[in-house]
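Presented sequentially are two complexes of chain A, the first with chain B as partner and the second with chain C.
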Partner chain A sequence: MTLSLFNQFLSPSLMWTPLAAIALALPWALFPRQTARWVNNRLLSLQSWFLGQFTQQIFLPINNPGHKWALLLASLMLFLITLNTTGLLPYTFTPTTQLSMNMGFAIPLWLATVILGLWTQPTQALGHLLPEGTPTPLIPVLIIIETISLFIRPIALGVRLTANLTAGHLLIQLISSATSVLLSILPAVATFTITLLFLLTLLEVAVAMIQAYVFVLLLSLYLQENV
Partner chain B sequence: MLSRLVFLAGSLKSSGPIGAGLVQASRSLQTSSQSLAPVPPLPEYGGKVRHGLIPEELFQLLYPKTGVTGPYMLGTGLLVYLLSKEIYIINHETIAAITIGTIIVYGVKKFGPSVAAFADKLNEDKMAKAQEAKDVAMSSLTQAIENEKKEQWRVEGRAMLFDAKRNNVAMLLETNYRERLHMVTNEVKRRLDYQIALQHLNRRMQQEHMINWVEKNVIGSITPQQEKESIAKCIADLKVLAKTTQAKAAA
Partner chain C sequence: MAGHDAGSQHQFTGIAKHFNSYTIIGRRNCVLATYASLAAIFLFFKLKPKKKPAVTEK
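What follows is the complex of A and B.
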C-alpha cells in the first residue's frame, strides 16, 4: 500500500547514492556503438537508419549554420525517447518526470538559440517579436505579447514534458491500484479497469514517443528562427 | 550469447584477474591500425533464445540432469518461492507489468518479422549496390575484351579490304582511259567528217554551177528563128501523130 501516489516520482537513492545516475545512463547502454564494419547486425542497421532519417527530417528546413546542432538534437531525441519508453516498464524510474531535469534541458538549449540569434543576426532576431502585417495601433501590445511568449518558451518546453509523463505515470498507477483492489472485491469491474489500463498504456507509449519528438521539434523550430 | 562470453573469456591473454588487467593496461584502446584490420567475422545470427528471453544455453546446461522440463520447473519454483515468501509482492505494479508486458509481446510478435525484414533489406540493398557496381565493372571489362577481339579479327580482313580498294581504283582508271579514248576517236571523226562534207559541198556547187552555165548557154543559143522553127515542127509532128492515132483508133 503506497503512502502517497507521488512516491514513484521520488528520485531513488540507495544509501545516499543517487540511483538516478544509473537511470540516466541506461539509454547509453541500450544502443550499440557504431562499428568499423560496413554491414552490421539488425539492431545497428535499424539504429543508423532511424537516426539518419530523423536528422534529415528535422534539419530539412534549417539553414546550413544550424546543422551544427544535428548531433545534439539527434542524441537528445534518442535519449528522451528511450527514457520515456523504458519508464513505462514496471518498477522503473523515469528521469523525465523530474521538472528539474527537463528544465535543465529546456532552458540552456532555448537560451542558446536566443543568444545565437541575437549574436549573429540581431535585427532579424528582434524582428521576430513582431509578426508581419500587423496593424499599426496593435504594435506595442503585440511586442509585449511576443516577448512574453518568447520567455514562456523554456518553461513550456520543460513543463510540457514533465506534465505529460507525470500525468501518464500517475494515471497508470491509479488505475492499476484500482484494478488490484477491485480484483478481490468486484472482478467484473476489474476487467473493465484492466481494459482501461490497457488502452491507457497504449496511449502512454504513444505519448512517450510523441513528447520526446515534440520537445526536439520545438527546439529545432526555435533554432530555425534564429540561425 | 553466453557461449560468446565464454569465447571472449578464453581469448584473454593470461589467466587470473591481475594478468588480464596488466594486458589491458599495456595496450591502449584501439589506437593502432592493428585493431582495424583484418576484423574477425561476426556471427551472422544472434544467440538462440527460447520464449524471446531465456538463452538456449540454460536449457542445454540443465538438460543432462533434469531433462526437458528442468528449466521450466526451475522457473515455476522460483516464482512460487518469491510469491510465497513475499519477496515479490503482488501490487498495482504487477497489473501495470502485465499490461505493458502484453503490449510488448503483442508488438514484437506482430511487427517483429516485418521490422527484421526491413533491417535485412537495408543491408541487402547496401550489398546489392556494391554487387551491382562490381557486376557493371566486370561486364564493361568483358565487353571491352570482346571489342578488342573483334578489332583483331577486323585487322585480319584488312588485306582483303585493300585488294578490293585497289581493284576499285584500277577499274576507275581503266574506265577513265576508255572514256578519253572514245572522246579522242569522236573528235577525230568529227574533223574528218567536216572535211568530207566540205568536199561534197564543193563538188555539188561545181556541178550546179556547171549545169546552170550549160543551161544558160543553151537557152541563150536558141535564137528566136530557131525557136519558131522548132515550134512549127513540133506542131507538124503533133498533127501527124494525131492522124496516126486516129487511124489506129479507127482500125
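What follows is the complex of A and C.
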C-alpha cells in the first residue's frame, strides 16, 4: 500500500526504453515557433507578450552584462511552468518531481553565477561573504556561516521544487483515493473530500506556476549579486 | 546590496586599514584570511606525524 503511493513518481519506461525524454520534449512541441511574419496569430502574440513581460520584469534589477542570461532564464521559466502544469493532468508524468533533474538545473546554473562573480569581480564576490558592519569578534563565524549558506543554495533550489511538486501530487492522490473509497460508503463525507480535492487542485495549479517562477527568480538574484 | 562600498567615511589605521568589515577590500581580506586560517589548521592536523606505539619485548 505504501509503495503504490510513490509509483506515480517512477520514471516511465516502455520495453526498457526510458520515456522521460519524450516527457521532457513535450514543452518544445506545445509552443509555436516564431515566424517571419510581420503580424503573428493570437497565440504567438500572447506567447511573445508573456515572454517579453517576464524577461523585462526579471532583468530590471540586473546590470547590462547579466542580460545575456535573458534567453536562458526565460526558456527555463517556460519549460518549468509547462512541465509543472501538464503534470497536473491525470496519468501524466511530472519530470520536475525527480530530484536528479532539478539538481541538474540548479547546480550548474548556480555554479555558473558563482564562477562568473569570481572571474569578473573577485573582490566584490569575496567581500559579499562578510556582511558590512559586522563586529570584529564575529567576523570568522559569520564568514563560515555565509559560506555554508552559499553552498546550501543549489541544494535548496533543487529540493524546494522537488518537494513542492511531490507533496502536491501525493496529496492529490491521497485525497482522490479517499474520495473514491468514501463515495460508496459515506457519500456525505465524500462531498467534503471532493470539495477539498477541487480546492487542492486549484492550489496545486498556483503552486506549479509559483514554484517555477521562484526557481528562476532566485537564479536571477544570484546572478544579480555576481554580475 | 548592489553597488560598491567606497568606505570614504571610515579612517582606519594599522591592521584595521587592511582588515575591517566596512570597506570592500577589508571584507575581502577578512574572508581570505579566514579561509587561509582554516586551510592552515586542516593542513596542520593532516600533516602532523602520528606517534608510533612503542615496541615492547614479549
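By definition in this document, the second predicted complex is superposed on the first by the 224 of 227 C-alpha atoms of A that agree within 3 Å, B and C clash if a C-alpha of one lies under 4 Å from a C-alpha of the other, contacts with A are read in each partner's own complex, and residues count from 1 in each chain.
By our rule, contacts are C-beta pairs under 8 Å (C-beta built on N, C-alpha and C of every residue); 3 or more make two chains touch, one makes a residue touch a chain.
All values reported here derive from a predicted model rather than from experimental measurement.
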Superposition on chain A - do chain B and chain C clash or fit: fit
First (chain B), second (chain C), both or neither touched by A:S149: neither
Arrangement angle, chain B at one end, chain C at the other, chain A at the vertex (C-alpha, nearest 10°): 100
Which of chain B and chain C A:T201 touches, first, second, both or neither: first
Partner chain(s) touched by A:Q34 [first = chain B, second = chain C, both, neither]: neither
When both partners are placed on the shared chain, which of chain B and chain C touches more of chain A: B
Partner chain(s) touched by A:L46 [first = chain B, second = chain C, both, neither]: first
Partner chain in contact with A:S13 - chain B first, chain C second, else both or neither: neither
Partner chain(s) touched by A:P140 [first = chain B, second = chain C, both, neither]: second
Partner chain(s) touched by A:G127 [first = chain B, second = chain C, both, neither]: second
Minimum Cα separation, chain C to chain B, after superposition on A (Å): 35
Doubly contacted chain A residues - partners chain C and chain B: none
Touching residues on chain C, where the partner in the complex is chain A: 1-2, 4-5, 21-22, 24-25, 27-28, 30-32, 34-35, 37-38
Touching residues on chain A, where the partner in the complex is chain C: 61, 122-124, 126-136, 139-140, 143-144, 224-225
Residues on chain B engaged by chain A in the complex (per definition of touch): 36, 39, 42, 46, 90-97, 99-100, 102-103, 115-116, 118-120, 122-123, 126-127
Residues of chain A touching chain B in the complex: 1-2, 36-43, 45-46, 49, 88-91, 172-173, 176-177, 179-180, 194, 197-198, 201-202, 205
